[in-house]
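Two complexes, one shared chain (chain A), two partners (chain B, chain C).
On to the complex of A and B.
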């Protein structure tokens, strides 16, 4: 789980943060404006590719994607 | 009783000088939007009234009375003037929805410069194209967005000042950068506002077309007349209202109705600078007791998707009037809002070029869910034949929406693009590029765009721009971009791509291309789906037949394929 958190956090920093904004496991990503609703599609795609899962669209909500911790909980639901 | 009262009576007795009189404006006088939105409201005895209540994503709030707005906009204006920014210089605002964006907008106008708002999620390529076209003199931005400007700075010798509103005092500033802290800056009480007049340029918004680069839509200070009156009659803004316009001022709704219309009417406006979440939006309405809510179909459909249980957790009884803009509001959304909020969202139709609402549903008027409504008083609108450009004599015919030019907020030109500007007019009509019909009671019914421009979440995306960006990816040989239907955003970007030799389609390549376009252009322009194909459908002369791909996505008839290359 810790490794997954680190992988997702680093991906978010690399892909969605332009400056030196600090991102922790609890930083609000969607409500905090770091990842917008359009970009959520690419984040979802990354998670699906990386963990070989399919996240249903109705589960990929702004709330479920709002922090690294929440994303990890979601991903773990679909890892076999 | 609504502000507009009887629509039919207003139509009969309409003259734009109704607004001029209410604003104490006489033709030939000085007319400066910055003054009308701050100093004038103070002179009307509302200096201590809250004008702007802002809440950030972390819950921090800031409140500005109209006198605070007057002082802050003077202070920004003075800072720009001291830097050497002159009247009609272009000053770009490249910020999130922070107070400096709203106050900076009015501050730029107060010195007679042209304000160029740009969506802060734009990537460096989108930013460069727009700054280069306008030859922008100064840009006001945040530390977090500065890296995108630094990346393209060498290509912009005309850009003299990069003003950072939240600079880190412990870090050195980059080339041409200057720090400006609005809260720490000495307040400027006495300020000489530039004596702009009706036709002085005010705002330069960029909008996308099917082909070519984005166009800079130039507006003038006289647009205030339309924006003030439509805010009063369509949005029904009243002195006691607490108003929330959810649009970002990087786009025209966020300036025409998120700044000019609301402040010139002297209402209290709330701004939430946070990403979308149904729960957070309802909490915001409850907390600030929002009375008038102007939003977009995409947001409404996202709220619908979040369900009705979450609504019940909040007291939304303060809401008295709701309106929507950006794309057609489907009848389901109108009916849903009436059931859930006790009142329907009223659809309004207009675009960047028109500067203000053209066709709308009005408080008190019979609403036909799914209809655009009727023309605003003073606006002559009809539907014309797409080839003869003559209005139809019968109702129910589908044709091009046509507007008789001459209203105050009509664009005055496309910046350095006279040729494209002229093409927007046919047979004495201005053509917004949309198709509709009119029913036997005079209601307009939206049908679709008349071109290939993609309307995603209320924002126009040029397929040409996305295709050009795709071609810069090392793996992409050819591309074609079309709209794909989407429940929430109405349309999203879909790309068809052929690969260069040596590249193989894969999920990782798909993601890499998506991110490439997102960073270069914007998240809106990022293809939400990429389909790798062996060849694109082309005419025998080699032109990509986008319409075939579009028809496939929408389940429509493909139509005439006699010119198809491989037929």
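On to the complex of A and C.
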């Protein structure tokens, strides 16, 4: 779980952060304006590829993607 | 009629908000033809002022060129004023076909289709050639019209960081399972004046079997040794799959745009692109004008050469004076001021000194990156640029920003 958090956090930083904004496991990503909902597509694809899962579109909501912690919970639901 | 006071109030409040936030746009009325020297009424109702224009997209100085004006007159006489029809009903004349084949030749592509504007070309092209099985991977700084076109298309959309080729490659790998992949970029980026790395992009597209799309609106006619565009500058002519461009900037400045590229992709636009199917194309006099523009540019590189020399002179002049510029070598030369209010004040004072240049600030450019965007033209003579430099030096001195670092300017004026 901790390793997954690190992987996802690093992906978010690499993908979305252009300056030195600090991202923790609880930083609000979408409501905090770091990830716009348009860009959630690539985050979802990354998770699906990395963890070999399929997240249904209706579960990939802005709320479910709003922090590294929440994303981890979501991913764990689909890992067999 | 149900435009009640309540409804009016809603809009008044929104508009008032724009005014308060200082982002309410106001037009300035120009009473002369578009050129290096123009006569402007600003604010509305004031007497006319003669100023040097350094904010037009009139890169080649062809907007009011006598030969172009004359060709448009002749086109008006021979082919009439309007078509009163979309292309595929009874709105296609011989000169529309002639212009399409001239653009194909000029850009070194396989085929071309005209659109009412480049906004329309970008609005229609993605939906016409891609489906939900495909992916569009765009640079994060592409023009608004491309973003609109992407929104209208059912293909998946992803982005890469501005001009970051490693990031692009990661995205090409991530989406490798898609039926078709299209990489999307501007050739020259209009706010920063930097150029896409089309050589590297073409290489990556070949490696990962992706289509390459470039909007060359700020390049066609003058970027590259013979002015064919960013693909010429980057040495990838013939390797582009789609180029869109406008006739509303360097290529005469009137209006109209096109999609040029692979034969089948252009044909898909002819069959399916909605702005082509449901809106009138370019009017005959304008078509005749653009044909003349392409004749002038194909016969000689004098105009783009002059533009290149003017640009070098202008960049050096501003740098020597102590301004901070965005790096680059295109005729888009942003003078960085960082603070939004400072950019407005400098623009106003330049106008007082007889130089028409506009300040851009958030949300048009990122927060803390306010600037005066200057645009050089082959219609400028050195004397125009010298006068404009004098004005810049004077205003720069007044605000004590000459020779200052970014840090010093921000410390004094704030972000």
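Here is the rule we go by: the second predicted complex is superposed on the first by the 80 of 80 C-alpha atoms of A that agree within 3 Å, B and C clash if a C-alpha of one lies under 4 Å from a C-alpha of the other, contacts with A are read in each partner's own complex, and residues count from 1 in each chain.
Just so we're on the same page, a contact is a pair of C-beta atoms (placed from the backbone, for glycine too) under 8 Å apart; a residue touches a chain by one contact, two chains touch by 3 or more.
None of the values given here were measured: they were computed from a predicted structure.
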Chain B and chain C placed together on chain A: clash or fit? clash
Exercise for the section: Quick one: classify A:42 as touching chain B (first), chain C (second), both or neither. Expected result: both
Max touched-residue count on chain A (chain B vs chain C) belongs to chain B
*asked:* So in the superposed three-chain picture, is A:63 touching just chain B, just chain C, both, or none of them (first/second/both/neither)?
replied: first
- [ ] Have a look at where A:18 lands relative to chain B and chain C in the superposition and call it first, second, both or neither.
- [x] both
Clash list for chain B against chain C, restricted to 257-265, 293-301, 329-337 or 347-355, contains only 257-265
Residues on chain A touched by both chain B and chain C 18, 38-39, 41-42, 45-46, 49
Within their complex, chain B touches chain A through residues 57-58, 96, 121, 143-148, 273-277, 279-280, 302, 306, 456-457, 507-508, 510-511, 514-515, 518, 523-524, 526, 528
Chain A contacts chain B in the complex at 15, 18-19, 21, 28-33, 35-39, 41-42, 45-46, 48-49, 61-63, 66
So, in the complex, the side of chain A touching chain C is made of residues 18, 38-39, 41-42, 45-46, 49
As the complex stands, chain C meets chain A at residues 156-159, 161, 171, 174-175
